[in-house]
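One chain, subunit A, appears in both complexes that follow, with subunit B as partner in the first and subunit C in the second.
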Partner chain A sequence: MIDERFDAIVVGAGMAGNAAAYTMASRGLKVLQLERGEYSGSKNVQGAILYADMMEKIIPDFREDAPLERHLIEQRFWMMGENSHTGLHYRSDDFNEEKPNRYTIIRAQFDKWFSSKVREAGALVVCETTVTELVQDAYGKVIGVKTDRGGGQIHADVVVLAEGVTGLLGARAGLRKIPKPTEVALAVKEMHFMPQEVIEQRFNVKGNEGAVIEAAGTISEGMTGMGFLYTNRECVSVGIGCLVSDFQKSGESPYTLLEKFKRHPSIAPLLEGSEVKEYAAHLIPEGGFKSIPQLYGEGWVVVGDAAQLNNAIHREGSNLAMTSGRIAGEAIFQVKSRKDPMTASNLSLYKKMLDDSFVIKDLKKYKDMPQLLHIQSQNFFLTYPQLVNKAMQNFVRVDGTPKKEKEKMTVKSFTSARSWAGLFGDAFKLARAWR
Partner chain B sequence: MHIVVCIKQVPDSAQIRVHPVTNTIMRQGVPTIINPYDLFALEEALRLRDKFGGEVTVLTMGPPSAEDSLRKALTFGADRAVLLTDRFFAGSDTLATSFALATAITKIGETWGVPDLVFTGKQTIDGDTAQVGPGIAKRLGLMQITYVAKIAEFDPADRTITLERRAEGGTQVLKSRLPCLVAMLEATNEIRRGTMVDALRAARAEVVKWNAKDAGVTDLNMCGLKGSPTIVKRVFAPSARSEKAKFIEAGDGGNLSEALIAEIFSRQPSLEADLTALARGF
Partner chain C sequence: MATETAFRVEDKLFQNRYLVDAGRAHIKVRPHTTPSAALRTLLTTCPARCYELNDKGQVEITADGCVECGTCRIIGEPTGDIEWNYPRGGYGVLFKFG
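So, the complex of A and B:
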């Protein structure tokens, strides 16, 4: 056994773990953070977009030295057809503000920086160390951890589980279940390198400006999923992800889906001549509000992906992760400063604070969305995108057909694919889930 | 007992790329590792310390980022780490490197006790010269034992060490007085994982950082580019072999081994003559 005792042990050094460790250490708690990767960021995969507001709440002047790629001034939503896309673009010079709202980042670099801040704040960060087990006392209270290194257990008042999406540690200790295939998406991505000027020309940006494309439709072949393309400084991240249960059912492999996405005539010209230097895959929690497990207990709290805190509709994961990490850190600090023990009832403060934040409010708003999109995936990800793209072509193509007839054809294509009742039903269900 | 282990941070050879025009190694963006040969030296030093007591100091010269390698060495269980870093050291060849390291080892000796043993790896995987270890030994007036496959005996009272040295045609068993410098061969041991206690200590440890002056270097002309007489005239990648692999098929008799031997003999006529002569002798 190791004699030394910590106020808190944080398991994992992703966004949630770093936020929790930083928040507690900077408030003077004695924190040990354990990470299985060679360094913070070496195992962490994300698109990746950083939302400044949530980062500011942790490190207000992060822009001074954090490795940021491009600030986003344009967002494109593409509904993909076989050879086409119907797009909604929003671009605004307002996003060229002094303190931009969103940035693309490369996690391997950003997390390394974040981890250096955690160290500066006074936390002890130990990498290449996997926590294998939670140590519980006779009453089931979590009192420390065991690692894959020799030298025995390490004890702490509270363990913050920021172990990532699979959450094996918590599952092994019986604190929650391993996520079901319907609750996680498998995403694959590649980093395509090309000269900075080429990115600027192709995406109509200059300097540090960036653009993103979020794509859904026929590219996921009827599965619940999305593709994306994010501009970094000298490379473009391109990826696609679908629910694991859908992959199971369709037998399609993620990399074939990505290959097809890259070959799509709307995407291929954007990537032409680039060099792939990196590829990665990751699971994303997609279960939403209804999949959130128990968030605290005797001597432990769970944050980030391990707690299924991800807003799939708005593609927000890391900011929910870092916010939950920060809130957990603040709650633990409050309990500690009152000199109260880290019991479940005292740690429920974390849940209360999280419930009051945008994290749970947003997830609650979309609580029915994951199920709806999943059950209706054929309609929402294949039929409708095809119909919309066909309708757009019909609208744009000039071929001597009277306009009145064109309209009739479009309406008919919708009603024959989905009956009037089906169309209204889908619209109603979507509206209700959105509300 | 005090053991100094010299390590080097090198680009991970598994992920290395060669610049297509200059033929030099592209170090930027390539992950770094501790030179794998040095890990055998470090493990051997740690084993001696565990058995006979004392301290292990790891030493490296390199850019500030080389601190990562030292911290890793601390996680394995080293007691102290010294980073020799100064722009005056930039561009050092093996002569200047061994000068700087030897000077630093003298300083380490003055600060924490004269080392009984200095360990190095056989060579580094980026330079492949195997010159720095012997260079250090010569400058410090130490016995040098290179290509060491095994430490057979260590007698702290008698202040001797017995080692097995791999030499051409066999193994030499050598006994040396202390202090001496040992350059370890590969595959002699396996680096340990380091316990949680080591990991915690390493996370807290301060790596000692010395510039040229701190290390006791008085003549800067011996350092870096100025102190490096080596001139690289040309670097080139070996061209691809023009000879193609040949597929050998069994002849009419259907005997593949005979066809293979016939093919070898057709290229090495003297081998056929020798073997025939040998066979006649029986």
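So, the complex of A and C:
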């Protein structure tokens, strides 16, 4: 199919792959990018929030023509009870700035745009082509790929594995392990369309302003999980995700969970009368720092979701993906500029640069968090949200009970559901994992 | 209840665009007489409800509505219960929004 030899082959055209391909091609490297979808974006699924700062580091003026939905001015965290929620909202007019910090995006559209920039930068982008195998020489060095288009091997000095959370190539070549059910969450999502004015009224926004709701509590039935509502221009993305290991244990179905979430009395009025136009599902890396695999080797690097680079606490995935892709591209460019070979020791520069970035620093900060939340999911995702909602109802309902008795009832509901030792223990463990 | 759920999932998948690679299923279930624990899990965990029990009590897959999330691979590939590949380039689910 393709006889030429490339400086780099990028497998995958999601955020990480596009960032890597763009970074290398715009610095003059000869880049081939292979994508199995009909275009970049057609296989990619995200909530989705774009973090402007990380995008600016790749394409500084992306706001000029990138398809952006709404810039976010309000963040709502909802702790869900059965028929209630207790919310923490942050809204600020500061977010109505000249260069907003966060936008909602629709991945199929955004990625198509990003891919057009990759092509403009000079990379050869070939879609509808699934890479089936990494080609290794007798010493195990990766020297190219094989695709399902036939035509034998395509060679390059280095292969950038941006193949996503379920990437097959790296795992099959023994470069990393397939993620365990405890290391990935399964999220399902629907796109609910409604007129722009309706979204603006229901979410108290105007123009291009947007709001986000992130919800945890009884909606996940005691599993480690989270629901979300993101406002786009003419639709709302609604979804819920839980750890695959928890789905396995509970026997719950993701679509049943989504239906229940949509019917929650706090959520249903926001979606009323909408038209659903798509149902998607995707895995999210949740293992954190301790699940990051070997990031480089002889003739290869791995970036983005494939490398488990996701900050589950702050729900940041695509910015870690694009940042790791950019840094890998920069590191490869440096090695190439020195006319050095793409050996593991030279490519270790990628890991060194990534270690110095917020990507690894943030993941390190929360390294104990996944374990704590996964093991204690019943407490953190069911018992505490129930207790908090009960306490709030007790606090706001006026029924002639003396306030002192009300307070006693609240304290008692906490200590009987979870002992003092349990409460202090959880608070201590949470604080330590946060630090 | 079960049929109600099945109907709803199919309804959801009906919104999606697919290009089905007829005769080339990208996921295969290992032949078995009694399904393993992992296979039985897939009956409830697959978000597209691609896995179902046949009359003989064996787990079967119809991958036409697959949304390519990879959950069944995470559960069933290490145990050898399923063989999982991506569809050929250009085939499978075609997300309009993602």
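Note that the second predicted complex is superposed on the first by the 432 of 435 C-alpha atoms of A that agree within 3 Å, B and C clash if a C-alpha of one lies under 4 Å from a C-alpha of the other, contacts with A are read in each partner's own complex, and residues count from 1 in each chain.
Here is the rule we go by: contacts are C-beta pairs under 8 Å (C-beta built on N, C-alpha and C of every residue); 3 or more make two chains touch, one makes a residue touch a chain.
Remember, predicted model here, so these are calculated numbers, not experimental data.
Enquirer: When the two structures are laid over each other on subunit A, do subunit B and subunit C clash or fit?
Expert: Aligned on subunit A, subunit B and subunit C fit with no clash.
Enquirer: By residue count, which of the two partners contacts subunit A more extensively, subunit B or subunit C?
Expert: C
Enquirer: Just to be sure I read the superposition right, which of the two partners does A:156 touch: subunit B = first, subunit C = second, or both, or neither?
Expert: neither
Enquirer: When the two structures are overlaid on chain A, which partner does A:321 contact: first (subunit B), second (subunit C), both, or neither?
Expert: neither
Enquirer: So, does A:4 touch the first partner subunit B, the second partner subunit C, both, or neither?
Expert: A:4 contacts subunit B only, not subunit C.
Enquirer: Between subunit B and subunit C, what opening angle does the Cα centre of subunit A see in the overlaid model, nearest 10 degrees?
Expert: 50
Enquirer: With both complexes overlaid on chain A, does A:259 touch subunit B (first), subunit C (second), both or neither?
Expert: second
Enquirer: Is A:147 in contact with subunit B, with subunit C, with both, or with neither (first, second, both, neither)?
Expert: Touch status of A:147: both partners.
Enquirer: Please indicate which partner A:124 is in contact with in the superposed arrangement: first for subunit B, second for subunit C, both, or neither.
Expert: The answer is first: A:124 touches subunit B but not subunit C.
Enquirer: Check the residue A:278 against both partner chains and state whether it touches subunit B (first), subunit C (second), both, or neither.
Expert: It touches subunit C, and subunit B stays clear.
Enquirer: Once you lay one complex on the other using chain A, what is the shortest C-alpha distance from subunit B to subunit C, in Å?
Expert: 7
Enquirer: Once the complexes are superposed, what residues of subunit A are shared between the subunit B interface and the subunit C interface?
Expert: Common to the two interfaces on subunit A: residues 128-129, 147-149.
Enquirer: List the residues on subunit C that touch subunit A in their complex, please.
Expert: 5, 8-9, 12-13, 15-16, 19, 41, 44-45, 47-49, 67-71, 73-75, 77-78, 84-90, 92-98
Enquirer: Hey, which residues of subunit A end up touching subunit B in the complex?
Expert: Where subunit A meets subunit B, its residues are 2, 4, 32, 124-126, 128-129, 147-152, 154.
Enquirer: In the complex formed with subunit A, which residues of subunit B make contact?
Expert: Subunit B residues touching subunit A: 75, 193-200, 202-204.
Enquirer: Could you list, by residue number, the parts of subunit A that touch subunit C in their complex?
Expert: 36-38, 41-46, 48, 106-109, 111, 127-130, 147-149, 165-166, 168, 178-181, 184, 186, 188, 190-191, 235, 244, 247-248, 251-256, 259, 276-283
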